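Next up: some structures, all given as structure tokens.
Note that chain A is present in both complexes that follow, paired respectively with chain B and with chain C.
What follows is the complex of A and B.
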């Protein structure tokens, strides 16, 4: 089967994404896990580019790589060595059984879904599809109410996060 | 040819890795990162199907709001992790039993 440049790009980004996700869930050290997450986020942004979603690729880089991974790293560094929980075999069989069952069920369902799939290429698309001008038009016409609601959501989440993480101080009632 | 099926398979593999990690690992930080992996897989699927039906930008719009919701979720989740660590001196999810009894 002949592979074009786009196919190689997809294969590279997909392999790196799976590798990063695997490192994230399997590495006992959460710092390395966060680095794996960063790797997966970067390759997902690359796949967004290949799917004609340039604006979302930029947002992915800014919000995930720039904010969320950095937040994870700050919390891991704040916790210090105790961020890495010590090895403990309790309940190991039940957890691995649950994980294996989930994986098997997912593989079975995926096999049933993908049985008759067409492995054809994607249709052609306009050059400005997914760019910031088209996306902005949709965001501020059809998506304006959820956009405003999401600003309220972020505000409430930040205030709640500060209230939860601050703890109690001297002079406050229990 | 890279078609929609490739993206569906990749997204499914990523979602399965995230789900298994969420079920198997007990470190709360890793559990939160597993949730990130699952939400990223869903975002990839939304954008891929939007590319297949390229008339509208609905899928990308949805993915945008998922990213916004996820930022809020991570902020609150990490605040809860810090609060749990302050009370119990641990980040293991099975030792968070403050509501027991």
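What follows is the complex of A and C.
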């Protein structure tokens, strides 16, 4: 099978993303976990780039790599040594077994998907697809309903965070 | 009439929630929040009824919402149902939160916005809006579960719910992504058309369907995806439990019906030999049986009610399976059952709230010993709602079960009907056990006993539920007609 440069790029980004995700969930050191997450986010931004979605790639970098990972690091630093998860051998076999089984099931499913796949023929995208002006046009014309509705999602997330995290009331049970 | 009228239930909930939030932030005292929230819910429900009565044919510009939101009789029915559930939960919160010193105004904003998400879910015609609605509803439910911050149980339940819930949402999203790859559509009608045209033969669609079914089964808390339910229901403050058992479950079933009947309605996804009906039939059998067997062994009444809500999801799944043969009749039995289940469950949790007060909460069966003789006014509604949950006439629960069994029989699912019937007999055991404790036992000497609280809000919620339980149990015809009209949405 002949692989084009684009295929190589996709394979590289995909592999690095999986590697980063694996480091995130498997490394006991939270700083390394956060770095693994960063790696995964960067490679997914790379995948977005190859899909002609430059704006999305930039947003991915700014929001996830720039804000969320940094926030994680702040939290880890504030927690100090207690952020380190204690070594715990309990349920290790069950955990590895469950994880392995799940991974195998997903790989088997993925194999089945790829084998008989007839992908729907989507029309090719315009030259200015993925840029900020095109994106804005879609967001405020065709996609205005979900855009407005997502404000409720953001609102409830903020209110929920406040409800859980804000300081104690006077007289509240401890 | 204009489009604004058609989406007025959404607008009322959203603006009402923001207005109440602002008033809570600036007012010194927040006593009227429960009442305000109930009024907002009532207004939204009333407007949904008004749109229903006015008729959707005369409303111009409804197609500007397509494919994102579908305002039809199905979504209007759910608007009313969800507003009813939300209003009952708000009334219960008005009594429960001050009594247990949890009176923080965020509870009501979360309730309103979460219901907004559930309404979005019931009206979603595209997987994008469906997912936004699902997350809006679920994030509210997570936060409500964690609302009693000082309690370790609450935190545990919320964390389990959050982790498993996000996981299920990811499965659902993965399934939608595969479906998009196979059909090139994200709107449910487009997916349905592409699958009918022949795209459903490939393994990718089957795997997508499996992932979507797993995500849906989690959201309605069907066995084997029910692990979070007892802990989340037990840890959450009881009004939040009520809301989750009633509105979140109804929203999830609305999503399930809409997705399965609109997108997966083609012959090779919806038949007795392939596709979702056989899978869901086995899930239904497992759900009813496992939940009923475990519920009978609980010592905490709240936990028993949590398992009972899982069992009820099983009965509803029987009717969902039956929609493969007759969408209108079986779909109507789902909607009618959700209505009866909403009023009975909200009432049962409300009565549990009423039976206890701060420091003397009614939790276990023992706590309720002899309460029927000491405090008949608190025990009587409890008995009524439990009888309705058990499905004994002349209460709403009887006709709910009756219509489901009839729909399943007419779809030729005799064995499934028999299993559901046996299960409802098992279920009657643990509901009646509460009655035995309330009326025929005396508390052991020195044991803590529950002391009923006094609250106008809780009393109001119980009155409304009791009236509806009796009204639906005595004359179900009209409501069933409405449910039939709602269930015949275009597929």
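Here are some notes:
In the analysis below, the second predicted complex is superposed on the first by the 147 of 174 C-alpha atoms of A that agree within 3 Å, B and C clash if a C-alpha of one lies under 4 Å from a C-alpha of the other, contacts with A are read in each partner's own complex, and residues count from 1 in each chain.
In this text, a residue touches a chain if its C-beta (ideal position, glycine included) is under 8 Å from a C-beta of that chain, and two chains touch if they have at least 3 such contacts.
Remember, it's a predicted structure, so these values are computed and weren't measured experimentally.
Of the two partner chains placed by superposition, only chain B is touched by A:139; chain C is not. In the superposition on chain A, A:118 contacts both chain B and chain C. In the superposition on chain A, no contact is made by A:5 with either chain B or chain C.
Judged by the touch definition given at the top, the superposed model places A:59 against chain B, while chain C stays out of reach. Of the two partner chains placed by superposition, chain B and chain C are both touched by A:150.
When both complexes are overlaid on chain A, the residue A:159 reaches chain C alone and has no touch with chain B. With both structures placed on the common chain, the touch criterion links A:93 to neither chain B nor chain C.
By the touch criterion stated above, A:17 is placed in contact with chain B alone, chain C being left untouched. For chain A, the partner that touches more of its residues is B, with chain B and chain C as the two candidates.
When the two structures are aligned on the shared chain, A:127 is found in touch with neither chain B nor chain C.
Comparing which residues of chain A touch chain B with which touch chain C, the overlap comprises 113, 117-122, 146, 150, 153, 156-157, 160-162, 164. Listing the residues of chain B that touch chain A in their complex gives 1-10, 12-21, 23-27, 29-30, 32-34, 36-37, 40, 43-44, 47-48, 50-52, 54, 56-58, 60-61, 63-65, 67-76, 78-83, 85-86, 89-92, 94.
Listed in rising order, the residues of chain C touching chain A in the complex are 14, 17-18, 21, 65, 68-69, 100-102, 104, 106-107, 109-110, 113-114, 116-117, 120, 126, 128-129, 132-133, 135-136, 139-140, 142-143, 146-147, 149-150, 178, 180-185, 194, 199, 202-204, 206-207, 210. Across the interface of their complex, chain C is touched by residues 109, 112-113, 115-122, 145-146, 149-150, 152-153, 155-157, 159-164, 169, 171-174 of chain A. The touching residues of chain A, counted against chain B in their complex, run 4, 6-7, 10, 14, 17-18, 21-22, 24-26, 30, 33-34, 37, 40-41, 44, 47-48, 50-53, 55-56, 59-60, 63-64, 67-68, 71-72, 75-76, 78-79, 82-85, 88, 90-91, 95-96, 98-100, 102-103, 106-107, 110, 113-114, 117-123, 125-126, 129-130, 134-135, 138-139, 142-143, 146-147, 150, 153-154, 156-158, 160-162, 164-165, 167.
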